[in-house]
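Note that the chains are named A, B, C, D and E in the order they appear, and that numbering of residues resets to 1 at the start of each chain.
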Amino acid sequence: MDAPVTNAAAPEALIRPGVVNASVYCKGAKVADIAIDDAGDWAKREDHVVWIGLFEPGVDLLERVGKQFALHPLAIEDAAKAHQFPKLEEFDDGLFIVARTAQMEDGRVTFGETHLFVGAGYVVSVRHGASQSYAQLRHRCEARAQRLSEGEDFIVYAILDFIVDNYFPVLDCINDQVDDIEDHVLTTTMGQEEIEQLYTLRRDLLRLRNAVVPLQDVCRRLERTDIVFIDPAMRPHFRDIRDHLRRAQERVDTLRETLAFAFEASLMNAQMQQTNISRRLAAWAAILAVPTAIAGIYGMNFEHMPELKWQYGYYAVLGVTFTICSILYWRFRRAGWL
Amino acid sequence: MDAPVTNAAAPEALIRPGVVNASVYCKGAKVADIAIDDAGDWAKREDHVVWIGLFEPGVDLLERVGKQFALHPLAIEDAAKAHQFPKLEEFDDGLFIVARTAQMEDGRVTFGETHLFVGAGYVVSVRHGASQSYAQLRHRCEARAQRLSEGEDFIVYAILDFIVDNYFPVLDCINDQVDDIEDHVLTTTMGQEEIEQLYTLRRDLLRLRNAVVPLQDVCRRLERTDIVFIDPAMRPHFRDIRDHLRRAQERVDTLRETLAFAFEASLMNAQMQQTNISRRLAAWAAILAVPTAIAGIYGMNFEHMPELKWQYGYYAVLGVTFTICSILYWRFRRAGWL
Amino acid sequence: MDAPVTNAAAPEALIRPGVVNASVYCKGAKVADIAIDDAGDWAKREDHVVWIGLFEPGVDLLERVGKQFALHPLAIEDAAKAHQFPKLEEFDDGLFIVARTAQMEDGRVTFGETHLFVGAGYVVSVRHGASQSYAQLRHRCEARAQRLSEGEDFIVYAILDFIVDNYFPVLDCINDQVDDIEDHVLTTTMGQEEIEQLYTLRRDLLRLRNAVVPLQDVCRRLERTDIVFIDPAMRPHFRDIRDHLRRAQERVDTLRETLAFAFEASLMNAQMQQTNISRRLAAWAAILAVPTAIAGIYGMNFEHMPELKWQYGYYAVLGVTFTICSILYWRFRRAGWL
Amino acid sequence: MDAPVTNAAAPEALIRPGVVNASVYCKGAKVADIAIDDAGDWAKREDHVVWIGLFEPGVDLLERVGKQFALHPLAIEDAAKAHQFPKLEEFDDGLFIVARTAQMEDGRVTFGETHLFVGAGYVVSVRHGASQSYAQLRHRCEARAQRLSEGEDFIVYAILDFIVDNYFPVLDCINDQVDDIEDHVLTTTMGQEEIEQLYTLRRDLLRLRNAVVPLQDVCRRLERTDIVFIDPAMRPHFRDIRDHLRRAQERVDTLRETLAFAFEASLMNAQMQQTNISRRLAAWAAILAVPTAIAGIYGMNFEHMPELKWQYGYYAVLGVTFTICSILYWRFRRAGWL
Amino acid sequence: MDAPVTNAAAPEALIRPGVVNASVYCKGAKVADIAIDDAGDWAKREDHVVWIGLFEPGVDLLERVGKQFALHPLAIEDAAKAHQFPKLEEFDDGLFIVARTAQMEDGRVTFGETHLFVGAGYVVSVRHGASQSYAQLRHRCEARAQRLSEGEDFIVYAILDFIVDNYFPVLDCINDQVDDIEDHVLTTTMGQEEIEQLYTLRRDLLRLRNAVVPLQDVCRRLERTDIVFIDPAMRPHFRDIRDHLRRAQERVDTLRETLAFAFEASLMNAQMQQTNISRRLAAWAAILAVPTAIAGIYGMNFEHMPELKWQYGYYAVLGVTFTICSILYWRFRRAGWL
C-alpha cells in the first residue's frame, strides 16, 4: 500500500510527505481513488486519466510511480531534488515541467516548486516546499466536469494557472511595501531598518523574477507543441497564462526600477542633509567665534588697555558682540544656511 | 434593454459605465443606433459594420456582447479586468487588442486602457480608467464617410492612431518639466521638492515606456497579418502608427537618460558644494584661531611677562593679530577657499 | 507658379522655405530647370531624372509635388512635419527615406532632418532645420556627369554620403571638447562650468547616436532592396556609407564611455579632496588646541598656582607649547595630513 | 615507453605530469592497460573504446597521442597550453571539447581546465591545473559496466557531469560567504577586510560565470550534433547537464546581484553613519560653546563689570550655563542628533 | 619605378612609407622580387601568388596597385585613410579586410591598422601606424614552404594570426598594471596618479575591445565563405583565430569588470576613511573641550569664587580635568573612534 492519502479537507499542517491523492477520472467524473501500483493500467484505458498528487516524495515512491508510466530516470532524479530551474523537457512519450511557486506566509514571501509529469492518460504533480496544496484545486476541477473531461492538458493548464494566479497576491504585498518605502524615502532619511527592508525586497523581487521569466518559455512551448495529448484548442489557455506571466514580469521589473529610483533618491537626500548639517555647523561656529575672540582680547592682562578703564567699556563690548552676532545670524539665515 | 446610450455631446463627467454608443454603418454612413442584442445580426449583413463603444462594462454586459460575436471567454475575462499587458491575440475568427492610454489631467499624467474586439463586421472598444472618450473620434470618422467605408480595419486604425497621438502632449509636458529640472540642477542644489519631482517623472516615463514599447509589436503584427478583414492597403497606416511609437519611445528613452544625467550632475554639484563649505569652514576656523591663541597667551596670569608691561604691548598684539589674520585671509582667498 | 527658385550661389541666409531647385537631367547633363507642375511628365521620359530640392515646404507645395509623383499621403504628412525617426519606407512605387543631419554652428552642434522621396525618374529632397544646403552637392554632381548619369540611385547615394560625411567634423569637435574635459578632470576639480559642459556633451552625443544608429538600418535595406531603380552595382556604395556610420557609432560610443569614465574619475577626485580638507582641518584644529588649552590653564585665577610665580614660567610655557605644536606638526606632516 | 602510469589509488599529491591512465574497454569491461603507441590499433577494433587520461602533458606526449588518433594539430596546440575558452570544435573525424573546472582548496576557489578529444573508439582527457583526478570517476564508471558499455559518448557525459557537479560545492561555499557579508553589512559598517572579501567574491563569481556560461553552448551542440559516435539516446543526458549549468548560472547571477545590493546597502549605511557623526559633532560643539563664551565674557578684565562683585554671581553664572547646556542637550536629543 | 623596396632585415626605424616588399611565390618558393606594375601579370600565372607589403602608401601608389588587381575604388579609398572599422567586404572578385593592431611601446599601448586586399593570385597588405613590420612574418612563411604553397588563404591566415597573437602581450601588460592597482586600492587610498592610471587603462581596454570584437565577425565570415581561393581545409585555422579572439575578449571584459570593482572598492575605502577622520576629529574636539571649558570657568574674575582660594584648588582642577579627559579617551578608544 501507499503513503496515507490525506483528506483534501484536512488542515495544511497535517500534510505529510508522500502521496497526497491518486484518482482516476473518466469524462470529467472521478471513477476511483487508486493505488500507485495500478496507476499504469488505469492510464492505458481509453478516455481515462490518472491524476496523482505527491508532496516531497522519497526516491522509492518516485521510482514506483516512474515504473507505472515509464518516466525517464533523469526526470525522476530532478523530481526527487527541489532546486530545479523552471523548464519543460520533452521525452519520447511525455513531458516533464518544473515551475516555481511563491506565496505570502506571515508577511514574508516564501518560495516552493512544483514538478509535473504528463503523458497519455496521466498527470503526476510533485510539490516541494512552501506552496498551497492542490487539493482545493482538484475539488474545483472535479466540480467542473465538462472542462475536466478535456483530460491531461486541462489538468496541466489548471495547475499552471493556479501557480501563476498565486504570484499576484505576492506582487500586491511587495507593491504595498515599496509604496511605504517610497513615502519614507522622499520625506525623511533612511534608517537601518529601511535599508534592511529595501534589501529584502530586492532579493524577493529577484527570486520572483527568476520564477516568472523562464516559465514564460515553458508556456510558449506548450502553445506550440504538437504532442498528441495537448489539444490545439488548449493553446489560447496557455497563451493566456503566458500573458499573465508577462504582466507579472512587467510588475516585477517596474518594482525593481522603483526601488532603484528610491535608493538613488534616498542617497541624494542623505547627501543633501549632510550638506545642510555642515552648513549649520559652519554658521554656528562662525557666530560663536565672535564672543570668544572679543572676550579673549579683553581678557588679556596688559597694563595699558585703555578700554578696560572706561565706565561703559563692558557694556559697549557686550553690545558690539551681540550686534556682530546678530548680523551674522541674519546673513546666514538669509543665505539659507540656518 | 441596454445600459443607457449616452449622448456623444454630453460632458465627459456624465459618462457612466456601460454602453456608450452602439451604431451600425454601411458604406461610411450611419444606418442606425442599435441594441446590443441585435448587434450579431447586423454584423452579418454584407457591407455593414457594427461599432460598439463600452466604458468599464460589467461582466454581464461583456458576456451579452460576447454572445453576439462569439468572442473567446479568455478575451472577455481580460476585458472585464483592466491591468492587461498591451497585446494582440488572434482567435479563430477575430482579434483581441489591448493598448494603454495616457493623458494629462490637472498637470499629472494619468493612464488608462483600451481593449478592442475586432472581427468580420464588428469592432467593440472597451475603455478602462482615464482616457478621452471616443465619441469625438466617432464624430470625426462619421464626417469622413469615404474612409469610414473601408470598414473594421479603418476603425481599428483610427482608434490606435488616436491613442498614439495622445501620447505626444504627455511627452511634451514631461519634456517641459525635465527642461525645468535641468535648468535648476545646473545652477542650484536640488531641494527635496526637486528630488520628488524627478522621482515622479522617472516613474511616469517608465509607465509611458511600458505603454509604448509593447504596442509596437501589436502594430507590427497588424502590418503582417493575413486576416481577411484587414485590407493590405491598410498596412502603411499601421506602419505609420508604429513609426510614431518608435519616435515616442526614442523621446521617452532620451528623457530617461536626460534625467539620469541630471541626477548625476546634481550629485556632483552637491559633492562640490559640500567641499566648498568644508573649505570655508576650515579657512575661517584657521583665521579665528589666531586671536584666540594670542589672547589666550596674554591672558595667562604669570607674574613675569614683560610684554604685559610695555606701554604699547596691547596695540602691538592687536596689530600683529590683525596682520596675521589678514595674511591668512588673503592666502585663502587666493587659493579659492574663501 | 512656384515658390522662388533661389540661385544656388546665393548665401545660405537668403534661402527661404519652398522650392530651392528643380531640374531635370539626362545622361548626366542638366536638361532644364523645370516648374513643379511639369515634373511628373519629365520624370516619365526615358533616361530622364528629375531632382527637386525643397526647404521646409508648406503642405500645399508638398501636395503639389505629391500629385506629380503619386506620393503616399502618409509620407507627405511626415515630410511636412520635421521630428521623424530615421527610416526607410517602401511604398508600391517609391521609397521614403528620413535621415537626421548634424553640423557645427558657432561651436554648438545643431541638428536638422532631410527627407527623400525616390521613385522611377525622380528624387525629391526635403530639408528641415539646420543643415547645409544641397546646392553645393548638386554642383559637384553636375560636374561629374558620368556618375550622375547613373540616375536616381546615385543621387540618393550622394545625398546620404554628404549627410554622413558631415557627422565627422561634429564628432571631431566633440572629441576635442572631451579631450579638454579629460585634462581638466584629472588635474583639478570640476567646477560648475565643466559640469554644464559635460552635461551638454552627453546630450549632444545622445542625439548624434539617435541619428547614426537607425540610419544604418536604412543603408542595410538599400543594400538589399530589389527595387528596380536601385542598381545592384550601387550596393557597395551603400555598404560604404553604412561602414562610415558604424565607425561614427563607435566613436560616439567611445566618447560616451570616456565621459562616463571622466565623470567617475572626477567624483573620485572630489571625494579625495574632501578627505584631504577634512584631514587638514583636523590636523590644524589639533595643533591650535594646544596653546588654547595651556593658556586657559594659566589664565585661571587660583591663588595658589606656583608656576605663575616662577621667574621663567612664562617662557617655559611658551617653549613647551611651541615644542608640542612642532611635534604635532611634524607628525601630521609625516602622515601626509598636512 | 611512456610517462609513468600512476596508480589510480595513489594520493593526489603524487600525480605527476604525463599519462595518468590508459585502458581499453569492451562491452563495459576493462580489457587491458595499454601503451600509448598501441592506442590507435585498439581504438579501431569493433566495440572497443580506449580511454586515456593525461595530466598537464608535454607537447611530445600530446603529439604521440595525436598520431594514434589523427588529431588536428590546432587542437593539440590548444591542449598543450591551458587558458582556453570553453568550447566544442568539430573536426572531420572527431570532437575537441574544453571545459573549465572549479573546486575549493583551503577555503579558496581554484580553477583548472579539462580538454577532451573524442572520436570513434577513443576518449582522451587532458587535465590542467587544479581539478580533482578522474581516477575516482573511472572507478565509478568501471563499476557500472552496463552504462560504460555505451562507449565514447557515455565517457564524455560522465566527465562533463562530474565537472558540472563539482561547481555546486563551490557555489555553496561562496553562498555561505555572501550570507556572512550580508549579515555584516546590514548591522555594522564594512571594514577593509570585508571590502577585500567582497572584492574576492566578485572576482571568483566572475570567473565561475566565465566557466559556466560557454559550457552551456557546448552541451547544446552535443544535444544536437549528428556525429556518428554520439547516440541520440544520449541527448537527454547532455540536456540534463545543460539544465544544471543553467541552474548554476542562475545562482552565480543571483549571488552577483546580491553582492551588488550588499555593496549599495553598505555605501548607504556608511553615508548614514557619516551624517550621524557630523550631527553629533555639531551638537556637542554647540553645547560646549556655551560655557566657553560665558566664561570668556566674565574673564574679561574691565574695571566696571557689576556682576563680578555680586555675592552669588559665580553661582548664578554656573547655574545659567548649566541650564542652557541642559536645554540644548535635551533639544538635540529630541531631534535625534544625540 | 616604385617607392624604394626596403630590405626586410633593415631596422624598423628606417621603414619609409611606400612599398616595403613585393614578391611572387610558386609552390611555396620565392620566384622573384617584382615591380608593382608587373604584379597583375604574375598574379594570373597558375600556382603563382603575389604578396605585396605596403606601409602607409599614398593614393597614387594605391591606385597603381589597384589597377593591377582591379580593386574596387571604395576599398582603395578606405586603404588610403586609416581609422577604418574592422571588417570584411566581399567584392566581385576579391576581399577587403581591415584589422586593428595593438602593441606595447615604451610601456604604453599603441594601436595601428592593417588592411588586406585578397583575390585570386594576390595578397596586398597595407600597414598604418604602430604595428610590427610583417618582414619577420614573411621570412617565417618563406621558411615553411609547404604551408606557404597553400597560397593566398594561408598568407591571410598568417597575417591575421600574427595580429591576434600580438594582442596577448598587450593584455599581459595591462593585466600586470591592473593587479598593481588592485593591491593599492585595497590597502591605501587612491591618489591622483592612480586615478589617472585607472583612467588610462579603461581607455586602452575600450580600444582593445573595439579591435577584438568586430574582428571575430571577420573570422566567422572567413570560416563560412565559399570564395574560390579560400580552401575549406583552411576553415579550422580561421576558427582557431576566432577562438583566440574570444579568449582575448573574455580577458578584456574581465579586466574591465575588475577595474570597475576596484573603482567601487576604492570609493568605499575613501568613504570609510572620511568617516574615520570625522570620528577622530569629533573625539579630539570633545576631549580638548574639557580643559578649555574648565579653565574658562576658573579664569572668570568673580570676586566670590571660593575654589580659587583653596590651597589645592589648582591641583584638584588639573586632576579632575585630566581624569575626565582620560575617561573620554578610554571610551572613544573602546568605541573604535580613536
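Just so we're on the same page, contacts are C-beta pairs under 8 Å (C-beta built on N, C-alpha and C of every residue); 3 or more make two chains touch, one makes a residue touch a chain.
Composition by chain, UniProt nomenclature: A, B, C, D, E = Magnesium transport protein CorA.
If you're wondering where the values come from, they're calculated on a predicted model, not measured in any experiment.
Q: Starting at chain B, how many touching-chain steps does it take at least to reach chain D?
A: Tracing touching chains, the least step count from chain B to chain D comes to 2.
Q: Could you label the chain A-chain B interface same or different, taking same to mean over half of its residue numbers are used by both chains?
A: Counting which numbers both chains contribute, under half are shared, so the two copies meet through different residues.
Q: With chain centres taken as the means of their Cα atoms, state the distance from chain D to chain E in Å.
A: Each chain's C-alpha centroid was found; their separation is 26 Å.
Q: Where in chain B do residues touch at least two different other chains?
A: Within chain B, residues 267, 271, 274, 278, 281, 285, 292, 296, 299-301, 305 contact more than one other chain.
Q: Would you mind giving the ring's chain order, read from chain A onward, with chain D coming straight after?
A: The ring, traversed starting at chain A in the chain D direction, is A, D, E, C, B.
Q: Which stretch or stretches of chain B touch chain C in the complex?
A: Residues of chain B touching chain C: 182, 186-187, 236-237, 239-240, 243, 246-247, 250, 254, 257-258, 261-262, 264-265, 267-269, 271-272, 274-275, 278-279, 281-282, 285-286, 289, 292-293, 296-297, 299-305.
Q: In the complex, go through chain D and note every residue touching chain E.
A: Against chain E, the touching part of chain D is residues 72, 74, 78, 83-85, 87, 89, 91, 189-192, 195-196, 198-199, 202-203, 206-207, 210, 263, 266-267, 270-271, 273-274, 277-278, 280-281, 284-285, 288, 291-292, 295-296, 298-301, 305, 307-314, 317-318.
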